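A, B, C, D and E are the chain letters, set down in written order, and residue numbers restart from 1 in every chain.
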Amino acid sequence: MRSDRTGRSGRSPLMLKLAAGAGLLFLHLPILIIFVYAFTTEEKSYQWPPPDLTVKWFAIAWERPDVRDALWLSVRTAATATAVALVLGTLCAAAVSRTRFFGREAISLLVILPIALPGIITGIALRSAFSLAEIPFSFWTIVLGHATFCVVIVYNNAVARFRRTSGSLIEASMDLGANGFQTFAHVILPNIGTALLAGGMLAFALSFDEVIVTTFTAGQQATLPIWMLEELVRPRQRPVTNVVAMLVVAVTFLPILAAYYLTRDGDQVQGQGK
Amino acid sequence: MSAAAEAIRPPRDGTLGRLSDFLWRRPGLFLLLMLTPPLLWLGIIYVGSLFALLLQSFFSIDEFSGLIRHEFTLKTYAELLRPSNFDIIVRTVSMAAVVTLAAGVIALPIAYYAARYARGRWKAAFYLAVMLPLWSSYLVKVYAWKLILAKEGILNWLFAKLHLTWALEALLAIPVIGGNSLSVSYIGTFLVFVYVWLPFMILPMQAALERVPGNLIEASADLGAGTGQTFRHVVFPLALPGIIAGSIFTFSLTLGDYIIPQIVGSSRLFIGQAVYAHQGTAGNIPLAAAFTVVPIVIMGFYLWVAKRQGAFDAL
Amino acid sequence: MTAAVLFQNVSRHFGRIRAVDGVDLEVAAGEFFAMLGPSGSGKTTCLRLIAGFEQPDTGHIEIFGETAEGIPPYRRNVNTVFQDYALFPHLSVLDNVAYGLRMRGIDKAARRREAAEALALVKLPDYGGRRPAQLSGGQRQRVALARAIVNKPRVLLLDEPLGALDLKLREQMQEELKALQQALGITFVFVTHDQGEALSMADRVAVFNEGRIVQVGAPAEIYRRPRTRFVADFVGSSNVLPPEFTERHGGGRRWSSLRPEAIVIATAAPEGSGPGSLAATVLATYYHGATTRIVAEAEMTRLNVLVPASAGLLRPGDRVWLTWQPDDLHAMEDHA
Amino acid sequence: AEMMSKLGSGEGQVDIVAWPGYIERGETDKAFDWVTAFEQKTGCKVNVKSANTSDEMVALMNEGGFDLVTASGDASLRLIAGKRVQPVNTALIPSWSTVDERLQNAPWHTVDGTHYGTPYQWGPNVLMYSTEAFKEAPKSWKVVFEEMTLDDGKSNAGRVQAYDGPIHVADAANFLMHHKPELGIKSPYELNEDQYKAALDLLREQRKLVSRYWHDAFIQIDDFKNEGVVASGSWPFQVNLLKGEGQKIDSTIPVEGATGWADTTMMHADAAHPNCAYMWMEHSLSPKVQGDLAAWFGSVPAVPAACKGNELLGDEGCKTNGFEDFARIKFWQTPVSKCESQGQCVPYYRWVSDYIGVIGGR
Amino acid sequence: MTAAVLFQNVSRHFGRIRAVDGVDLEVAAGEFFAMLGPSGSGKTTCLRLIAGFEQPDTGHIEIFGETAEGIPPYRRNVNTVFQDYALFPHLSVLDNVAYGLRMRGIDKAARRREAAEALALVKLPDYGGRRPAQLSGGQRQRVALARAIVNKPRVLLLDEPLGALDLKLREQMQEELKALQQALGITFVFVTHDQGEALSMADRVAVFNEGRIVQVGAPAEIYRRPRTRFVADFVGSSNVLPPEFTERHGGGRRWSSLRPEAIVIATAAPEGSGPGSLAATVLATYYHGATTRIVAEAEMTRLNVLVPASAGLLRPGDRVWLTWQPDDLHAMEDHA
């Protein structure tokens, strides 16, 4: 019996269901609290339960230039880091999955390293390299840090898709008279496109929320998470922070959803490598 | 359709056509071209930076001015192994281990349910239910926990409402891991760590459980194994690589985090904080660098084990 | 004697797909029973109903006289050899074979001994220490078999166990399976879509189509006396002939089947050309080694004729005469 | 770097490392803004990076990228020794002459007669306490060093805090100076091995009472509000903010006296915006800024003229904030081995590592 | 006439694996050439050498007289039908078929027209708009075929194109492929490990073993006159008999092959029992429908005998006599 459709008995044990439900609840209640606090009328401390609810913080958040600056910097950083990661990750994945060569294993290790090692190490290593090389902090130093750990996200997605895409497609294309570049444009790209899109979106979301590496590579620039870190400590219009947090959740939610649907038929979304 | 055409076509004109022929004849060169950009980035810039950092751990710092003395010395490593620093290492590694274990235990039912029982819409819902917390702002989540755990916070409020304050107090009375309130105790730090890294455990675990072929589970039932036996003898061993992959994240993230223990904790430093403090606050880059060697060595070992278990494919 | 497996009007539908649809079935104890049918005809689902991986929507199932509905697979004394073997990759061959015994709480020494015996039975005595990945396809198949029979099931279910093997190995395994069944006396229910396999191995064959059993009987009966066009078509490459043809050649106004090997081909007209004799033109010949298949046309009808390969060579366009025993033109149930 | 001899026009910005609350642009309270006007007048945009400890300030200055730092006494000499800051030409700062005479030649910014900055503010590290837990102001620092039952009937264990910076060792030494004269401590910043050990022992005892050390002024504010903290060494800044929110909080300087800080605006050796930096130093000495800041932070102005006629500070403000306590305050300075009072002292780097040990439970 | 494909002492090794090892080969233009051999014998590698996916380590390859080494696949006027079809999943069936024309810069209208014609040729005229995923296995196979032939290649390579199809479909596609090859006149090089397929379809067959060609010849020659035990064993289920047996029965001291269908079985001893006659015991019988295979033992040797199914039923243990024409005991090259 060949049984992909099976091995999944119809009903789940009650205990399992309860444990899974409790786990999910544990994951979600704190987030709800963030949302509730985005509406509280009390701005200095976090009083529970909130004395009253209001939506004024949304307008106030939008008015604040520092929020907008930080948001814009984060968007630019995430977009650039994602673009770099897409190029590097795809090249790496293509090389690793299309050919066997000496050091292939080392490369997959190398790609994994920036997320397998704690972010603080990536951060401090880059920072001390910048200072040794006398590179001043700039937009590009942030991108450098972010792209480093975003590569693996794209790489994982692309490798999974390459693995799923039969190698004979490329041979078939060449067999039918397409040279290397034509094959790339007409066969490879269309086939790995959605995986790249998914990987790119996850990389974007990851970069958008990164704080640890950024702390070390941003100098005095404030990305949105850095801004939040400052803001969460200062008791000034704290609900604004929660409004921004809520916004970030809403903004990252869509790419994640899209990534899921893009890669659903087949490989898992490789989002775990945050 | 007659077969009149030539058997071998002439080379295509144009740069691309010629370049394609050229690269086709030199697959090694082509591979090199593909690998150069990522290798430059990861191999030279990233790994180069790591080495530069490690190098700094062999320098020392002038105690009065805080300036680095660029002379080779092992003094910094001697310092690293001082009892107070050694405590930090032990504390962090224990926390990482406990957090990983707990995350594994909590993640398992969720991952197992999502992998084996959730279907269609439910499956998507489960996936999003894990992804949403994963991608919500890390900082805001940590802060939410500070509010939950504070002495005047939500959890105390809830326990008071439920007349369970005594239970909380009993918990906090436990030596070492307890404390004045959850937000200044190891229990609190632990809870937040588990919370924040949990999705990192669930996703690879779920992927691994999904990869356990359904037919093996049927075969096991066919051979007389009940649900529990099947889980123990078939599902778990086969999903282990994925679980190890997930644990790489929880373990490594705990090893390096400096924000959580600072916001929820008892001022006893963790490695991340020590690195952060020595690098930033104290300007002692050599000691900070020496501290980073600890997670690097630990994760190196971890990756080696993971590799042997085939966990890389599950990352 | 109680039947090994009894289906009474069993149905199992998946949404609108009637995977198994009102099946009555009786497998006798100790029988080698084959289920034959095209892809999607419900064979696997039937097997899964016996194993307990599926529950019937309606109808009743008994295994050796005991009601099977609601009993989980691990409480049925029935074992399965899966098409893809489903060996546990993380266990050694010996541990794979011992798995069922271990689940029943047999102690280590005893189960190792029994597993080793089972491995010897399938002629893999020295392979216990290997991992499944280190075995060839045929060896894996035998391990799967050993893993099932070591539990001494009352019914052994085999779902296309030879499907993944190549021809040579397959023929060899057919012989071994048959021998094993005779030696153990266990009831075998064997699923295949290869009619040759079903005919050569089974005591009785059930032919499935679209979730129903179309015909049950001994191999020769199925082959020689197909009840419907479907069976004639599916079991061997018979000539299925239209009612007019049957009528012209002495049968009733029914569809009939005429086995290719029952036709005798001659280059000269036979003596008295009565019913069962026909002038035809050769369209093509296919050399198969032991036999040659000749496609000929007569009365606007294409007929396949199987002749020994040594018979004189014919070429397309040759004029030939076909004759057969009136008895071989078997009229089926299908009317015009 | 050479001392500047002439001022040019502004470079458009100035980057300052400052203590939290030191440079306000009216974001927390509109009344407290001494940046906007400066920016409008000079065209120098002010960027502030706040630092929570002196070590952090030194590290930031070592890293570079800043023009000015509001360094306390325990950081300033380190910055000078490390050649991170440059001499300032007081001739380029017209208001120099208005600076409190007690500060003009203070040793923490004057080396061999050369000035390395302009005094900014000074003040004590006060004992902040909850008026709910204490019926009256605590008389002694004992309440944060020794276990006791407070006026509300509950133990102080878990309800007191201490500063998360090695300089806190000096607070312990200061306490011992009063309670254990036999140790012979002359200055809390100059401790021999025995004195040092005694201070650490005291701190180890304190560790049992402290749930969490405070590192960030704002987090301390939170802890007083949400974590049930009732007493801690603190800055007047936190006291002011909490009081401003209507919390039941007050502060005092107990009998042992207090450590304190005297801060100097110092200029980075490689300052990228020296002209704006000089303009800021001049601006920082104006009575208005000095008075407003003193009111805001609870500190004492470096310019006595600020004590008069400042709306926010009020006429009693300087006195309240300790203008006359100058002599009682033991200002932060960096402990060095070659100390004045007893020849051989425990240097600062050991304070750093040992204090981490103490907090870690060693 | 120049050969369509010419190999001169071609080798391709992968590390220590000699995938193709000193092969000489000549495929004539317009020929239907089959490569037959067990798994891993180098058939696919040979095909890939012709297509240009592999380069020979040593030796020389010509395609219609032109040197092929160093020419990338996209410059060879050779097309391949891949075993797994390798249809582009992101393109419609029509675009799949038109792909080769598009790469050659044929304008849209022309390539659509030609692609539609090719689809008509493989009997899928109305399927142009579908995606490959919406086709059945047999349909995909035809699309792959159309995609290759639309380019009018001078050589068409087919790597087990029918391997994934089930029996019925496979037989049907065999006929269609053969007809198409005759209609187009293109040289076909066809890889298979199914000897029936190779024998029935090819003009000539090359039998591969371990990277080498063991025998090349017309199907009947390969079947009747296998050069080695390996060929006899692999092509059809021949009885391979040891030198002593051959000697006793009138051949030299060599291994010989005796086709099962060449043996006549009788229940009574024949008249004069000289060479080519043997008393034997029936061990087992396998009913195959058209034929029955009888396994008999004589002189300590197991012999397979193929008889028409209608022949009188034998049972294990029956005493029988086997006879054959002396000519049918074919002595091979293998010595004792």
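Basically, a residue touches a chain if its C-beta (ideal position, glycine included) is under 8 Å from a C-beta of that chain, and two chains touch if they have at least 3 such contacts.
Which protein is which chain? UniProt says A = Inner membrane ABC transporter permease protein YdcV; B = Inner membrane ABC transporter permease protein YdcU; C, E = Spermidine/putrescine import ATP-binding protein PotA.
Everything quoted here is computed from the prediction, not taken from an experiment.
With steps allowed only between chains in touch, the distance from subunit D over to subunit E comes to 2. Looking at subunit B and subunit D, the chains in contact with each of them are A. Separation of subunit B from subunit E in touch steps, taking the shortest path, is 1.
Mean C-alpha positions place subunit A and subunit E at a centre distance of 52 Å. Subunit B has its Cα centroid 14 Å from the Cα centroid of subunit A. The distance from the centre of subunit A to the centre of subunit D, with each centre set as the mean of the Cα atoms, comes to 41 Å.
Averaging C-alpha coordinates per chain places the centre of subunit C 91 Å away from that of subunit D. Chain contacts: subunit D has residues 63, 225-226 touching two or more partner chains. Shown for subunit E are the residues in touch with two or more other chains, namely 72, 74-75, 78. In subunit A, the residues that reach two or more other chains under the touch definition are 1-3, 6, 46, 177, 179, 182.
Contact residues of subunit E toward subunit C in the complex are 38-39, 166-168, 171, 174-175, 193-196, 199-201, 219-220, 223, 234-237, 259-262, 284, 286-291, 293, 306, 308-310. Across the complex, subunit B is touched by residues 29, 63-68, 70-72, 74-78, 149, 152-155, 184-187 of subunit E. Interface residues of subunit A facing subunit D in the complex, by the touch rule stated above, are 44-46, 131, 136-137, 219-220, 233-236.
Every residue of subunit B that touches subunit E in the complex is listed here, in rising order: 1-12, 20-21, 24-25. In the complex of the two chains, the subunit A residues touching subunit B come out as 1-8, 11-13, 16-17, 19-20, 23-24, 26-28, 30-31, 33-34, 37, 46, 48-49, 84, 87-89, 91-92, 94-95, 99, 101, 107-122, 124-129, 132, 144, 147-148, 151, 156, 177, 179-182, 205, 209, 211-212, 216, 225, 228-229, 232, 241-242, 244-245, 248-249, 252-253, 256-257, 260, 264, 268-274.
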